[in-house]
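Structure provided below as structure tokens; questions to follow.
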Amino acid sequence: MRENKKITIVLGVIGADVHAVGNRILHHAFSEAGFNVVNIGVMASQEEFINAAIETNADVIVVSSLYGHGEIDCRGLKEKTVEAGLTDVRLYVGGNLVVGKQDWKETEKKFKNMGFDRVYPPGTMPQEVIDDLIEDFNLS
Amino acid sequence: MEVELAKGKIDWDYFNQLRSEVLQAWPTGQEVNLEEAAAYHKELSPQRRFPELLKAAEREGRTLAQPRAGVALLQEHIELLQYLEKEGEADCLPTTIDSYTRQNRYNEAQKGIDESRKEGRSMLNGFPAVNHGVAACREVIEAVDVPVQVRHGTPDARLLAEITLAGGFTSFEGGGISYNIPYAKAVPLERSLAHWQYVDRLVGYYQDQGITINRELFGPLTGTLVPPCISHSIGIIEALLAAQQGVKSITLGYGQCGSLLQDVAAVITLKELAAEYLKKFGYTDVELSTVFHQWMGGFPQDESRAFGVIGWGAASAALAKANKVIVKTSHEAMGVPTKEANAAGIKATKQVLNMLKDQSLPESEELRVEKDIICKEVRVILDRVIDFGEGNLALGTVRAFKAGVLDVPFAPSKFNYGKLLPARDNNGAVRLLDFGNLPFSREIIEFHQEKIAERGREEGRQPSFQMVIDDIYAIGKGMLVGRPR
Amino acid sequence: MEVELAKGKIDWDYFNQLRSEVLQAWPTGQEVNLEEAAAYHKELSPQRRFPELLKAAEREGRTLAQPRAGVALLQEHIELLQYLEKEGEADCLPTTIDSYTRQNRYNEAQKGIDESRKEGRSMLNGFPAVNHGVAACREVIEAVDVPVQVRHGTPDARLLAEITLAGGFTSFEGGGISYNIPYAKAVPLERSLAHWQYVDRLVGYYQDQGITINRELFGPLTGTLVPPCISHSIGIIEALLAAQQGVKSITLGYGQCGSLLQDVAAVITLKELAAEYLKKFGYTDVELSTVFHQWMGGFPQDESRAFGVIGWGAASAALAKANKVIVKTSHEAMGVPTKEANAAGIKATKQVLNMLKDQSLPESEELRVEKDIICKEVRVILDRVIDFGEGNLALGTVRAFKAGVLDVPFAPSKFNYGKLLPARDNNGAVRLLDFGNLPFSREIIEFHQEKIAERGREEGRQPSFQMVIDDIYAIGKGMLVGRPR
Amino acid sequence: MRENKKITIVLGVIGADVHAVGNRILHHAFSEAGFNVVNIGVMASQEEFINAAIETNADVIVVSSLYGHGEIDCRGLKEKTVEAGLTDVRLYVGGNLVVGKQDWKETEKKFKNMGFDRVYPPGTMPQEVIDDLIEDFNLS
């Protein structure tokens, strides 16, 4: 197992979203890959993400949104991290971000504009995020 | 007011005390007038009534097809339902409620409505019925010629029930367990059970006025490798709790596992066991029906592959002779479907249902084994829950969950014991790898262990959490059993 | 040269006399050199060989998915196959031959090729392999990584077989009955049988060089309510005739009827009965496999409904454990599918096949009854055909057709007796309403009559030709049994 | 049954096409509707259609083409009827006229230009043609 322990991930499912299965698998996959995972679970508010990141001195916040309200739920998160002084914390988001099957390019742009560093389409496998984490944090 | 778990039918005066508080949670609560609502229902044409449709389906031995559907705005929602009725040929319709309403966050739902108006597309994943109010609900009911049901996932659905039932809906999905454990994180069971006793009591009120409202229990739970014994036990408890409040039309739900034998055995035993326990509790005049959910876990992204899953779900439902099937769409893995995709799912389903209308899975040794094990498992769980309750089934349920005698795989609720690990056996049936605290006999445990061991031998690996993960992904990747690569 | 029905393996010298004439029918015939072709086959990688793939599928208990596909021009045909391999994930590929080539009208086929070039779209409903010649066929074979089969409907396929087998194809569909009676109007059976003895003898030649070529028999016949006893009897006769010429790898075909029990019983008995008769005739080293055709009759126009039919076909094939399934598409009722629609059909099918790979229909009393009746029917027909032949099975076949002992519903051939009338029973199984001259026992006749009478009672009408018409339209209109409105 | 006996229909499937089922049903439906049906069956050449029409003094020729080669097979049929002096005989055509699922308007135009009086899309039910026959021959 790689020495990824130094990287701390705050993981959670934002808003009123209760989709728990993907969260459990991401937790498992990130841990197996050697990361330090702080899982705040489903139905997590923006504040819970921020607080967990502050408390654990996190490197990256991985937000899941499956149920379609991601657009409403994620607005302002970036601004809140900045306010909280978490300017170096990276923001990833993935799942089924919007309501319905929409043009992916549009959705990606929307979330990038909201301040997310990486935005993932439905069905992204954990290994892809792990590879990106390794790249983003020069771990390889 | 403190929640209290009723032992029997809630006293009407006490109910009214609770009621005045419920109706204050959002302005539209004031629109509800029970007598007027009962009068409205009496005028409703029978073809728009769910209990009648279910009885007809049972009589004719056919399986009804019902989609999921709901958008933020009233006019758009009506157009959606009309489309699914005309183009999709749906036998009955839903009104799927958005996730904010499900969490009683009516303010956020309002924001969703407003933004949807602005953006010109639905920003909500369902229809916020509470915000829209009674009159709007009646517009929905009257806009289509088939019955419409409220489908959601709401731990506290009291206001939603008040408004939609007064609004003319004739079926209401959910239950104190099935709409809490998979749908919430921190709602205590005693609270959701009490809130659903309220809903059932409300339905009981209508029943007392001679108006039967169908109550459907949400069988699939987390939709992810839930073994039949778990969903059956929970469904039967919810049926008993509903019957206690005077409910007379109950639809028992089950989410397809994917193994034909297990699924057929499950549908058959679900009705049999429910009737057995209802009788044990003295309820002999409850109309029972079954609903089969096409695969509720992760779907393939590819639309043609999704059609394959849908077709197999339809076939299994028909061969099991379920009274109704809830239809998925080819967009499932991507997002809430367009109306066209939704209609396509219904039509593919109906083609299969009609082709299989006159066929069923014949009795066989293998089917008998599956039915047997389900009955044994359910009886041992239910009898323990009943014992725990010392005469109060709702209380027994709370205690059973605490003890892990009831446990739902992958549920988000912190009031779930959370120790079960399901996995498929070598033929695709869902078994248990970890039993948590289920009160299973040695015989049952060995049955599961041997089944999973057989798969392990076939795959040359020890059963483990990796096997579970492989099974969770399997259908999405085009298999049933998550074989190692 | 006069046609002559061989009693046993055709003498090699006589074959060569016939051959020189065959190769002259079109200039590309001169490209065939048997020794060089055998050498080419020896170099062919095993993954491109049909017999090997079928054996692997049988070993692994999986069902292969194969589309139909063919267009007029070589480059376009190759692109089509590559697309179906890559995007469609087909397990094996076809080269469907156009209808002019099937009738040996190579001049018209050439016109079709030329016009297709001009119009920029395929004006032919298949690939005119004879006109394209040996080298072009090899380009097709080498362009893909899975085996490719010739699929057609040609009463006289001698030149087509010479060119495509020399061109590296490792499987060749058809037979002297199944590619005449449903596909021609005025070709005498003695002629098509003799011409197919030639084809089988050619395959026997390759076999003698150590090169196994798979021969598939066209089970569905007219695709329209053909009862299993008819297609089984014909398939087994064609298997025996092929074995006589030295064929060692035979795939028996069956077209889905739509009743799960009947279809599973049919696939199981097809292999069993074929093995039984091959053994009776002393052929014990023939590799047998089965192919299941998704519903071959009229399809629904609606594409989602078509997906329903496809899904049910895939499920039935998997539960019957057929070795291969021929896939339909959502365009079926409209026209030759686009490559996208074709790929979609394969993917929907594969999803179901994979999900059912580890499941099968368990033995039951009902299944036993279906298997029993098929076996009885087939044995009584075959034994009569064999008797008729007085030691020459091909001759017995000609006589049997003349006498109506063999008879195919709705066949265009004037050499078909044409008296059978099939209709569905109350559960959807295909039975016979009019038996023509089939040599059935009282017991068998009563079985059919009682089954159809049961449906008549249910529908409150006398069984008649109207019932047959209703059944022909039924699946297209979204049912299996053509109930009156 | 209506008095449609006076109208004689020549029915057949053109070219190398062997699809026999629809032909059998059309034959049955036209007869039931009281028309005089002369069925030349499948694999009928243009000449067979013309000859049958001359011999039976037909009022209408109903051409089926299912297998996709209809475009090639039907070309010149109109001209041949004119040559044969059958200028009053109506020409109907239906089935799956072209290869593949193509734009129906285009296909209809193509066959109208070839001289067909009525052109029917895939899946047309016999009753529709019967209604049209009744209209075209003022039989109602």
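As written, the chains take the letters A, B, C and D, and residue 1 is the first residue of each chain.
Keep this in mind: a residue touches a chain if its C-beta (ideal position, glycine included) is under 8 Å from a C-beta of that chain, and two chains touch if they have at least 3 such contacts.
Keep in mind the model is a prediction, meaning the values are calculated, not measured.
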Chain B and chain C: spacing of chain centres that average the CA atoms, whole Å: 45
Distance between chain centroids, defined by C-alpha means - chain C, chain D (Å): 30
Between chain A and chain C, what is the gap in Å from one C-alpha centre to the other? 54
Multi-chain touching residues of chain D, meaning two or more other chains, are none
Could you check chain C for residues that touch two or more other chains and list them? none
Overall pattern in which the protein chains touch one another (line/ring/star/complete/other): line
Touch relationships between chains, expressed as pairs: A-B, B-C, C-D
Per the touch rule, the chain A residues reaching chain B in their complex are 15-18, 20-21, 24-25, 28, 41-43, 67-69, 71-72, 96, 98-102, 122-123
Show which residues of chain C lie in contact with chain D when the two form their complex. 99-100, 102-103, 105, 108, 111-112, 115, 121-125, 153, 182-186, 222, 224, 297-298, 301, 331, 333-338, 341, 410-412, 465, 469, 472, 476
Would you tell me which residues of chain B are touching chain C in their complex? 258-261, 300, 302-312, 314-315, 319, 343-352, 354-359, 362-367, 426-428, 475, 478-481
